[in-house]
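Multiple structures are listed underneath, in structure tokens.
In the two assemblies presented below, chain A is common to both, partnered first by chain B and then by chain C.
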Partner chain A sequence: MQELIVILIDGLVFSSYLFMVSVGLTVIFGVMKILNVAHGSFYAFGAYMSATLIGAYYNTDLPEFGGFLAIFLAALIIGVFFGIVLERGLLRFLYHRDEHIIVLATFAMFLVLEDVLMMIWGTDPYYAYEPMALLGAVDIVELTFDVYSLTLIGLAVIVGLGLWLGLTRTKWGKLLLAVIFDREISQAMGINVTVVFTVTFVVGAIMGALGGAYIAPTISVSPGIGVEVIVLSFAVVVIGGMGSIPGAMIGALLVGISRAAAVHKFPEIELFVIYAIMALVLAIRPEGLFAPAQARKI
Partner chain B sequence: MRYIDKTVVGLTIAFLVLFIADFFMAEWVRFIGLQSLARGAVALGLLVLWRTGLVSFGHALYFGFGAYAAAMLTLIGYHDAFLLVFAGTLAAGVLAYLLGFLLRRYRAIFFALLNMAFSMILYGVIVKTEELGSTDGFSVLTPTFLGYAPQGEAVQTTLFIFTLVFTYIITVGVHLYMKTTLGGMSMAVRENEIRVEYLGYSAEKVIHVKYVFSGLVAGFGGAIMALAIGQVDPDSMANWTVSGEFVFITILSGIGNVGATYIGALVFELIRTYAFEYAPQFWQFILGGSLLAIIMFLPDGIWSLFSRLRRSEKAPSP
Partner chain C sequence: MKILRKSGRATLLATGLAAALGATAGLANAAETVVMAVPTFLTGAGAPAFGVPARNGAEIIIEAINKGKLPAPYNNSGKGLAGRQIQALIYDESGGGVKQVAEFRNKVQKQGVDLFVGYISSGTCAAITPVAEELKMLTIFPICGTPRIFEEIDKNPKYVFRTMGHATADGVAEAMYVKANMPDVKGYTGINQNYAWGQDSWRDFDLAMKQLMPNVPVSEKTQWPKIFSGQYGAEISALMLSKEPLVHSSLWGGDLEAFIFQGSARGLFRKKKLLFSVADTSVYRLGKKAPAGAILGARGPYGIFAANVDTPLNKWFRKVYSDRYSTPPVGGSYQAAQGVLAAKYAYDKAASMNGGKFPSKDQVIAALEGATFQGIAAKVHMNRSNGHQAATKHMIGVLAWDKEAGGPIMTKVQEFGPDCVMPPPGVNGTEWLKGGMKGAKC
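Right, the complex of A and B next:
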């Protein structure tokens, strides 16, 4: 019983983390049909920026809880900057090209950014544990969990709900849905698709950066953290159905809880249980669990 | 006059030149050459898939599988290069045949990602297997060639000729195959699968055949690579970034000509070696930068440079 609760809580925390890092990817894919490998860089840059800002913040005498602002500020800076630079500076020249070419261009961008990251922050790890220490720990069924990790669940719910409401209940969301449904027609109807694309890409980038920024206090921020995130979020997004936000949530839950179970029960399969689930889901439902139906082109 | 295939002639000339050059090459040149041939072979498989309209982001699966299959045979006492490479190729081919039943149903980005998922499963298995050296991998002893056991530099010289002969046969084979009906189906499937089905061919079968072929050559490349560097490890053989590099080479080469894949692989190897040599901090930066440059300015790969030249020669002067 106790083990089950531990698996459940660990799983939920890990799922929230997965959702945070993959939702940006799925939003970008849903609207722009671009599989953005550079998403891993957004995550890594977000984590580094957040660690730096938190460090700087706690060197001042400002109130302690303000450290959380630093996290969101970091995500915003990184997301807006890289979102605009990448979309305006690179991707818009490639929209008419083959989708594989665009994936490869973002892969190239990822390689470049990986080294830029090391140019800026060097190879030494960064720590920014203050926000985590601030919240302390809590006992659940005689086991200690740190509160900070648990807040991740709340954040994931807020982000998920926010995106979903924004997409289905606002004018902007409706415009976006129109663009997703048919890019050319919506352009003909007077929707400024160029702006929609840029905004979507920036929002997706902020999401990716926020994932990294929020997780930064719980890890040692060091080179190479972006690589693993990409394949993980690919798996989540593909399981849920590319471009679907509820799909990303279900995918994250599925992957997160199975991994937590694997870690506790069969640690030797931990590394590939995620990809095994992905392969299994794709074998049964090729488009993922929640993918919108596609028209057959003749 | 009989029709002469220019590509076959070109490949044969390149083969003969390299064959002779092998005896005069500096050791590091030969090493780069060997790696280019191995990677070029994998890219050749990807080229065949690409002509069918499919891109795989997971061919490190077959590359790594072939490499590990060959390397594991050396652990139990087999050292003959013919046997090792044959086993590596065959093992990857069988795996591709089995997975092909599933993968042939997928297209576009799903095909690419499902391949990646499978390659990451292999990566996970290797990393978790202590007997195979986990993340460190293990070293592969010097191979023998049908009883001939070269020493010192002769090992690489022999291995180079060995690799050269096989890649030549494979490449010419692919080129000729592409001219057969089944080979020509590639483009048809890419353009319009449903029409292919209406004409009475099974698009899935066409894809399956190409897929098994790409698996075979990737396994071949992997086995050669294992022998060439004398070491197998998961990060440079089975990780997803390795798959990315193969796609990179395919883009670099363009899909216009089978021989171009080796030129692409060579350029890739040179960029990587020199970037690593002179700017170890920035080698990914340089690699990514050159990939971007190719995508932006040479959309049809290096091969398009040659065809552009030829076109401008033929064009009448104004």
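Right, the complex of A and C next:
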């Protein structure tokens, strides 16, 4: 019983991590039909900015819990800046091009941003463990868990719910859904698709940066952290269905809990589990679990 | 000294132009210089722990060689390699085996490289070995650890050398340390990255433990996280739930540091005894965050284990490195410097055997085969794999925090001779371990 509860907790924490790093990718794809490889850079920049701001904050005498604001501030700064710069400076010139060209363009941006990152922060790792140390640990079923990682579950729920409510319960969300459904008709009906695209891309970038910013206190922030995230994000988004927020949530849960079970019961197949689930879903339902079947325009 | 650095893709164009111009200049200078390619990780996850410290260590030695400023025992050896200045071509090892093989061919065939001293990843070394032999290019691997290089890929090398012990030595030294210092240990488990280095490290430690402590049970649920995964919550839970008190780990770099942060927050290091085979790469950076009480290795007598080696060469190296980079040298710095010193030793010895004239490649190779030369921290014996594989002494100890000095130190250090931890010449490491490590001189 203890092991079962531990698997569930570990699975939920990892699922939350997966959801946080993949939700921005799926939001951008859902609206703009762009497979944004530069998403990994948003994550990495978010982590570096978070580590920098946290480090700066804890060098002051300000209240300790204020350091958490640095995490969200880092995500906002990186998401807004790179969201606007990339969408306005690059992607808008490519919307009429083939999707493959756009993927290649975002891949190129990912490579460039990896180097920009090293030009700014160098190759030395950055540490920002203070928020994790501040929250301490808690014993659940006689096993110690760090509270900071558990808060990731709450953050993922808040982000998921916020995005879902925003999409289904607000005027802005309905405009977004209209653009998702049919970009051309929406434009004909007077919706400013250009603004919708920019805002969506910025929101997706903030989500990506928030994933990195929130994870930063638990890792060594060092070159290459964005690469792994891109691979994981794609796996989760493909399983859940490209562009589906509930899909990303279910995909993350499926992968996270399966992986935790593998770690505890059959650790030698941990690496295999994520891709086995992806292959299985693609074999049964190629469009992913939650992506709606699409009629082809002729 | 001319050093060309290629630090990333964004600088590709500029570097390409510089390389084109440099290649011409290189050919013009070919008669007066030795062009030494130094591939190391300058980007990606391998850079902070190994690549950049290795580059820094190599640069310091190359500069000193060119100026003729190396301390004893190299203080009377003149400037350069056999009198010729080293033209170092430092470039990025990132991108995988296929890219590195193409880069190797390019450097040999278009840029007139005379020798390579580098490569950190075992995967890259494995890919490069047959190509170096095919192109007849003198290649010194100073760091990569897989035993497979000379045990499987090329059992009869002519142009490829490795100037440090391989992973078998690490596993044997660790198991011997456990036997000597934890004779009553009730069992062991492990967490190692699921790729060549992690698998080899665990295999050798496990085989050595089975020989040295056959009654100690091993866990059936050793952990195999993906390399660079960075998230170890489930693995830490599984380790804490396991009944084995000893945990072996060959995690390195960012993975190791993330594991330490996440494990510390959950009290893992209070509950289990950790044995880290390459954690020296992080102890200076982590400072007090490094888990005091853990058993540590540095793949030999390098890094923090050399902190108190009282020789002119070591004291000079540590001072220059610390002054320049504001941190003491780690294992990778020592190992890369040792590789460059192997070239210095071989060229100078070959020249002296050649009546003082600059030696041919074959003469340099003959000089290095079977040689014993002084590394920064210890003597290097090139006496395995027909004189192409080195054996050095090995050291394992327990990490502690020195309050007075305000830094990490090693305590309870145990030293193992090269013939104690490396398989005898001509013997496959795995077979040697399975056969009870016959011939080990401890």
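What we mean here is this: the second predicted complex is superposed on the first by the 296 of 298 C-alpha atoms of A that agree within 3 Å, B and C clash if a C-alpha of one lies under 4 Å from a C-alpha of the other, contacts with A are read in each partner's own complex, and residues count from 1 in each chain.
Here, a contact is a pair of C-beta atoms (placed from the backbone, for glycine too) under 8 Å apart; a residue touches a chain by one contact, two chains touch by 3 or more.
Quantities reported herein were computed from a predicted structural model and do not represent experimental measurements.
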{"item": "Clash-or-fit label for the pair chain B, chain C on chain A", "value": "clash"}
{"item": "Partner chain(s) touched by A:201 [first = chain B, second = chain C, both, neither]", "value": "neither"}
{"item": "Partner chain(s) touched by A:116 [first = chain B, second = chain C, both, neither]", "value": "both"}
{"item": "Which of chain B and chain C A:282 touches, first, second, both or neither", "value": "first"}
{"item": "First, second, both or neither for A:125, with chain B first and chain C second", "value": "second"}
{"item": "Contacts of A:227 with chain B and chain C, given as first, second, both or neither", "value": "both"}
{"item": "Which superposed partner A:268 touches (first chain B, second chain C, both, neither)", "value": "both"}
{"item": "Chain B versus chain C as contact partner of A:42, first or second or both or neither", "value": "neither"}
{"item": "Partner chain(s) touched by A:235 [first = chain B, second = chain C, both, neither]", "value": "first"}
{"item": "First (chain B), second (chain C), both or neither touched by A:97", "value": "first"}
{"item": "Offending stretch of chain B which, after superposing on A, collides with chain C (from 40-48, 112-120, 130-138 or 202-210)", "value": "130-138"}
{"item": "Chain B and chain C contact sites that coincide on chain A, given as residue numbers", "value": "111-112, 114-116, 118-119, 227, 268, 271"}
{"item": "Interface residues, chain B side, partner chain A - complex", "value": "55, 57, 102, 105-106, 108-110, 112-114, 116-118, 120-121, 123-125, 127-128, 192, 194, 240-241, 244, 247-248, 251, 281-285, 287-289, 291-292, 295-296, 299"}
{"item": "Residue ranges of chain C in contact with chain A within the complex", "value": "7-11, 42-48, 51-52, 194, 221-226, 228-231, 233-235, 237-238, 240-241, 253-254, 256-258, 261-262, 265-267, 285-286, 289"}
{"item": "Contact set on chain A toward chain B in their complex", "value": "35, 90, 93-94, 97, 99-101, 103-105, 107-116, 118-119, 227, 231, 234-235, 238, 242, 268-269, 271-272, 275-276, 278-279, 282-283, 286-287, 296, 298"}
{"item": "Residue ranges of chain A touching chain C (in the complex, touch as defined)", "value": "2-3, 6-7, 9-11, 13-14, 17, 111-112, 114-116, 118-119, 123-125, 127, 129, 132-133, 137, 143-146, 148-149, 215, 217-220, 222-225, 227-228, 259-260, 263-265, 267-268, 270-271"}
